[in-house]
Amino acid sequence: MGLDLQQIQAFLDNEFAVQLIATAIKFAVVFAICIQVPPIMIWVERRAPALMQRRKGPNRVGFFKLRLWGLLQSAADAVKLILKEEIVPRGANKIFFQIAPIFGVIPALLIACAIPYGNDFQLFGYNIPLSIVNVDVGFLFILAVSSLGIYGITIAGWASNNKYSLLGSLRASAQMISYEIPLGMSLIPIVLIYGTLDLNQIVIGQSNLWNWGIITSPISFMIFFVCMFAETNRAPFDLAESEAELVAGFHTEYGSAKFALIFLTEYVVMFILSCLASTVFFGGWQIPFVPHDTLMQLIGGLHIPVLPYLLDLVGWGAPFLSLSLQEMGVHSLIASLIGVAVLFIKAGFFMWMYVWVRWTLPRFRYDQLMSLGWKFMLPVGLANIFVTAIIVAILNFK
Amino acid sequence: MPTSESYLILATIMFGCGVFGVLFRKNLILVMMSIELMLNAVNLVFVSATQTLGNVDGQVMVFFVITVAACEAAVGLAMVIALYRKYGTIDTDFLRVLRG
Amino acid sequence: MNPYLPVLIVLVFAIIFGCIMSGLSHFIGPRKRTLSPVKDEPYECGVPMVGERDKMSVKFYLTAILFILFDIETIFLYLWATTFRELGWFGIVEVTIFLVILVAGYVYVVKRGALEWD
Amino acid sequence: MTQLHLFYVFAALVTFCSVMVVGSRNPVTSAVFLVFDLFLLAGIYAMMEAHFVAAIQVLVYAGAIVVLFVFVIMLLNLEQESHGKVRVSIPDIVMMGITGLSFVIIAFLVARVPSMATVGEMTPEAIAAAGGNTYVVGMVLFTKYLWPFELASILILLAMVASIVIAKKDKAAKPGRRRTVNANQ
Amino acid sequence: MLLWLVILFPLLGAALNGLLLRKVSKTVSHIVGASALIASFACALTAYMQMMSAGGEGQVIFGFDWLEAGGFKAPFQFILDRLSGMMMLIITGIGSLIHIYAGGYMHEEKATWRFFSYLNLFVFMMLLLVLGDNLLIMFIGWEGVGLCSYLLIGYWYEDDANAAAGMKAFLVNRIGDIGFLIGVFLCFKFFGTVSFSELKDIIINGNALTGPQLEAVSWITLALFIGACGKSAQLPLYVWLPDAMAGPTPVSALIHAATMVTAGIYMMTRLNFLYFLAPDTQMIVASVGAATALFAATIAIVQNDIKKVLAYSTVSQLGYMVLACGVGAYAGGVFHLFTHACFKALLFLGAGSVIVAMHHKQDMQEMGGLRKYMPITHAVMLVGVLAIIGFPGLAGFFSKDEILWKAWIGGGPVIWGMGAMAAVCTAFYMTRLLMLTFYGPNRSDHHTREHLHETSAVMWAPLVVLAILSAVVGYLNVPHVIPGLPHLLFEHYLSPIIHVPAAAAEHWPHLTATYSHSLELGLMGISVLGMFLSAGFAIVLYKNGPSPTAIKLKKSFSGIHKVLTNKYYVDEFYFKYIVDPLKDMSLFLWKIVDTVIIDGIVNGIGQAFMLVAGLTSFRMSGSLHRHAMVVMLGIFCLLTILLF
């Protein structure tokens, strides 16, 4: 059984092809994770308040005895949504009603690609980054693309021909744009401190716990944290879909798979913002007190020939059996994957915060929301930039 | 790599569309959108000139153009709203206060 | 590899994915044509539709204006932040002047009550 | 697919979207096509390695300015342009012909301009070596274009004040200061 | 940098007082105004010291590109050399003293922010005039001081006479300014520059001047001299200065005695190399100066208003300075400017104190015997009077004598005679002033006498400083003939500024020649003797108020007296032959030309347009698109042309 090594080698020599394949794999994984986020989060959002309120929450759906604490409820919901009848309300603008959810999901998936989920790793002699999109403008890309997310909401509300939808969408978009400014401003001190727009460089700059963004720029974190909730229209800022006033906000008229798409968008954005918060303020993929190099050495020294054993079963693993991970050249890959896990743990914390806050704080009034954004966050954000600049300047240039 | 003329031709097309909009659309908001189109055509020329001339001043100019466009849109649309409030329409066929 | 190639790929994929999802229930879901006239009426918690679609408050528009202008300002600040270390104190002075002027505008906006939602 | 082909695809899309911006009857459609247009232009900028401009094109133009347009359209609830069928008079058709011809002439003149070789030192490689496009643009802005930068703040200030003065309704309209011109007389 | 501060402080003071401090108490206005000047003086002193310790070379301090049009360039830059440095010190130094004094003088006013604002603005403009490196900046200052002078003369504008006096000053100055402007234009036309330093380079170091240029120099200098006549109150444009006494006395002291009126002398000294090239102009200058000196001195003899006497005395002294410039003795002129600034400021401020004490009565016939009530004022006034009449050992003696000596060797006996006569008259009327004011019985009414008292320290302290200055500054320029003291320090000090162009050296032999000491001593003796005699005569006539002899003299020379009291009828002459015809012509222009012809044409054109517009406006649909389409049509036409 001849595996044409030369053909493989020829393929590996073509950097474009390798990077393309790597991109495809990375995106496939990211997409898979994004698809998984809403069901899991919906489950958490049902179970967590149940726990808090000493209820049981959904726990029945399952195969036979395997109930998994109701985890499959979400899967069942998803299937149900897709199988529902599609209803377009009378008087709605049909085309825009159809494509509005797509407008929403595109930016969400695009920004999911700009997060560095782990450190760059070296494989086959190539440097492969673990973020899919690496552009010169760094996280300005995230800000730019996420600002397009407004159209999905606005057009969805407008196209529904429902006054509550429209009001909900206008509220939601006004709220999002209002908080986009403090959000942008809260990240400027980070650029000042770490001197780069590249998210991965920012993470590398946070190698030590004392260099984490939350330590170097705590006010930025606070602003960012509040903006995270406002940007995703989550409680306590869920005015756009305040059930008592606006039925369900901009997606009142949506059902079936399009509703699933809107849900997907919302949770993906929540997830990305959590990842961004962890990346910028909590050291991203860095493990506290364990520098990445140390981790790589540690892993590199290990001798876990699992893959060679498996390969050996089909007959071509023998040459690798005695090699350590470093000698096999996969230690940086494994270290980066560990980083991904670390990042997901941190992001998970923020996802939990979303749920926790939702069931803890009451909803703001709309005027309170707006004045918090414009009259408090904006000046504080500006002052924060200014003070940080002065401090960094004093520390760095005499 | 596309040649610099192709950028210029594309910019001309965009600018032409903008001019058509300004000349033949009756809705003030569409007129303003057409103006944005024209501004973008100019921006395209700036950026392509950056590439051709080998300095980044053109990109800085684009930045300023965008700043101006933002201010223009803000004030212009405020005027559209004021007009609408006052006259109940923004159709240029009905806004003829300057008639001689 | 051009750094924007992945963007393009993801973009194309996202569009396809969105279309599939959007069309999914169109093809899979049941198509019952019930004759009830209230079925495709805009939903208002089940009660009959009330009133016309109102005009929206001009507040939303003012918010959007201010958003644009401050957005531009933020971009200026981002540019400054990337060149912060080379510009040094000079840059700080520049940006301070810039900000002082804009804060004057901000103060006007607040004083004028453009941010009040009443 | 080379960059050239990609550019042609983009150019075709931009042309299509531009035509749709001007040609569609529903202002919201126009706005949406304008967003497409701006986004595609950002793509073209990105291909030209003008990363920063591409980013702000999306961030400010597509993400903010057109939002304002959409807001105003929704605020005024303008879905259809003037009622009934669009009347196109003969002078209008003649003017359309003349305008079209003008731009054909312009395109012709533009195409005749000899293409220039790169003359400055800021080639894409040099920019990358100097610290990236954003950094270089920033340095140029904050040194060479110092005064325009400060003036931009004054412009923004003026826009802020002007738009609020124009758009904000006074709580108590002052009698006697309102103008009483009627448009439809 | 310091130089900028020198200029900026007064501007800041003016802005603060004028814009911000309108509502606050006048003490604050005073403190702000005075401290701005003191700070400016401190900076000026430091800058001056720096300049002198660097060897006293002139420095040009570049500010920014100001005017640029074609070949014309006038950068906003300053020149700091020995001349402008000295002027700067005089302006800020004496200005500071007068500002301090003014706080006391204006004590009874309601709001003084306007006063101090104008005063500071004036100092700013004056500094601009003095420090500017080209004629245009000087012109700004020139106009600016004129404006401030107008504002300050008319400070009490509720009174019509004051407002009219301000107007008069302004209008008369305009005539001079036209001359100045013509000079500037000619200068640029023929030399291609208006910068002093470049001009100097062209004349001193450049190629020989062409024929037209040489001819032009005469016209340029003459035109500029007309400007100087206006500003420095020379015949025939002196008429505004006596009327300018309507302003508050500190203003008279600062503007109409110490600084602004010296602008003309400063300008001529600055351009001395040009004036040297034009002996004809110089002859006119010298004659005008001598005539003015004598003319004004004679008028002063019969004036009764204390400030009018000082005003004519100022005109007369300015005549001396112009005379000095005319005979090429620029150092002498500037030195007299310096000493005159000290003692005339002193005299004016002293007179101001008297006026305050007398409840704003200015007629000397009602004074007398004030020595008793105001000992300090009397003492300092005595010093001032002795200084101005040229009492040996005091400032005026050295400076005036220097000028008279130069007038003799440079202008001949006639000029000298006029100058000496003026000196004799000066001695007479100044002594008369002193006697009538401070000696003899008090002739004021009971009420006024009750309240006579010495002024406050804030007023007399500056006087004392000025008195000390008036006493000692003369020793800076002791003539050769007096042994035992360092000679002609001031002339050496200023020598780097004075350049006799090689081409003109033949016209100025006396500048280098040596003369016998005995001649100089003799002339000095004559003038001192004349001075003593006329002063003695005045003492005799007026020591107990106007004596019978004086009244008899007045009667027997009633014709001359009447002419003198009426100031040679110059004002009447001007009114009859210039102002009234102008008024009549204006009336004609207004009633006939303007209302009928011009308005007719203008309105007719307007109506014609309205008619045509009315006929064609049906094409103006008011539609945005129509207008835009017309633009597009135009573009189309242009493009079509471009295509072929």
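Letters A, B, C, D and E mark the chains as written, and numbering starts fresh at 1 in each.
The definition used in the following text is that a contact is a pair of C-beta atoms (placed from the backbone, for glycine too) under 8 Å apart; a residue touches a chain by one contact, two chains touch by 3 or more.
What you see is a predicted model, and the numbers here were worked out from it, not measured in a lab.
Among the remaining chains, those touching chain B and also chain C are D. The greatest centre-to-centre distance from chain B, using averaged C-alpha positions, is reached by E. Chain pairs A-C and A-D differ in how many C-beta pairs they share in contact, with the greater number at A-C.
Taking the mean of C-alpha positions as each chain's centre, the chain lying farthest from the centre of chain D is E. As a whole-number value, the distance joining the C-alpha centres of chain A and chain D reads 31 Å. Look at where the CA atoms of chain C average out and do the same for chain D: the two points lie 17 Å apart.
Chain D and chain E have Cα centroids lying 62 Å from one another. Rounded to whole angstrom, the centroid-to-centroid distance between chain B and chain D, based on C-alpha atoms, equals 5 Å. Touching of two or more other chains is recorded for residues 135-136, 140, 166, 170, 177, 197 of chain A.
Residue positions 19, 23-24, 26, 63, 66-67, 70-71, 73-74, 77-78, 81, 93, 95-97 of chain B are each in touch with at least two other chains. Within chain E, the positions touching two or more other chains are listed as 629, 632.
Contacts between chains, counted with the stated touch criterion, involve the pairs A-C, A-D, B-C, B-D, B-E, C-D, D-E. Listed in rising order, the residues of chain D touching chain A in the complex are 26, 28, 32, 35, 39, 46, 51-52, 54-56, 58-59, 62-64, 67, 70-71, 74, 132-134.
In the complex of the two chains, the chain A residues touching chain C come out as 15-16, 19-20, 23-24, 27, 31, 81-92, 98-99, 101-102, 105-106, 109-110, 113, 132-136, 140, 160-167, 170, 174, 177-178, 180-181, 184-185, 188, 191-192, 195-197, 247, 252-253, 255-258, 260-261, 264, 366-367, 370-371, 374-375, 378-379, 382, 385-386, 389-390, 392-393, 396-397.
Residues of chain D touching chain E in their complex: 95, 98-99, 101-102, 105-106, 108-109.
Within the complex, the chain C residues that touch chain A are 1, 3-7, 9-11, 13-15, 17-19, 21-26, 28-32, 39-45, 51, 53-54, 56, 59-60, 63-64, 66-67, 70-71, 74, 77-78, 81-82, 84-85, 88-89, 92, 95-96, 99, 103, 106, 110, 115-118.
Residue ranges of chain B in contact with chain E, taken from their complex: 19, 22-24, 26, 31, 92-93, 95-100.
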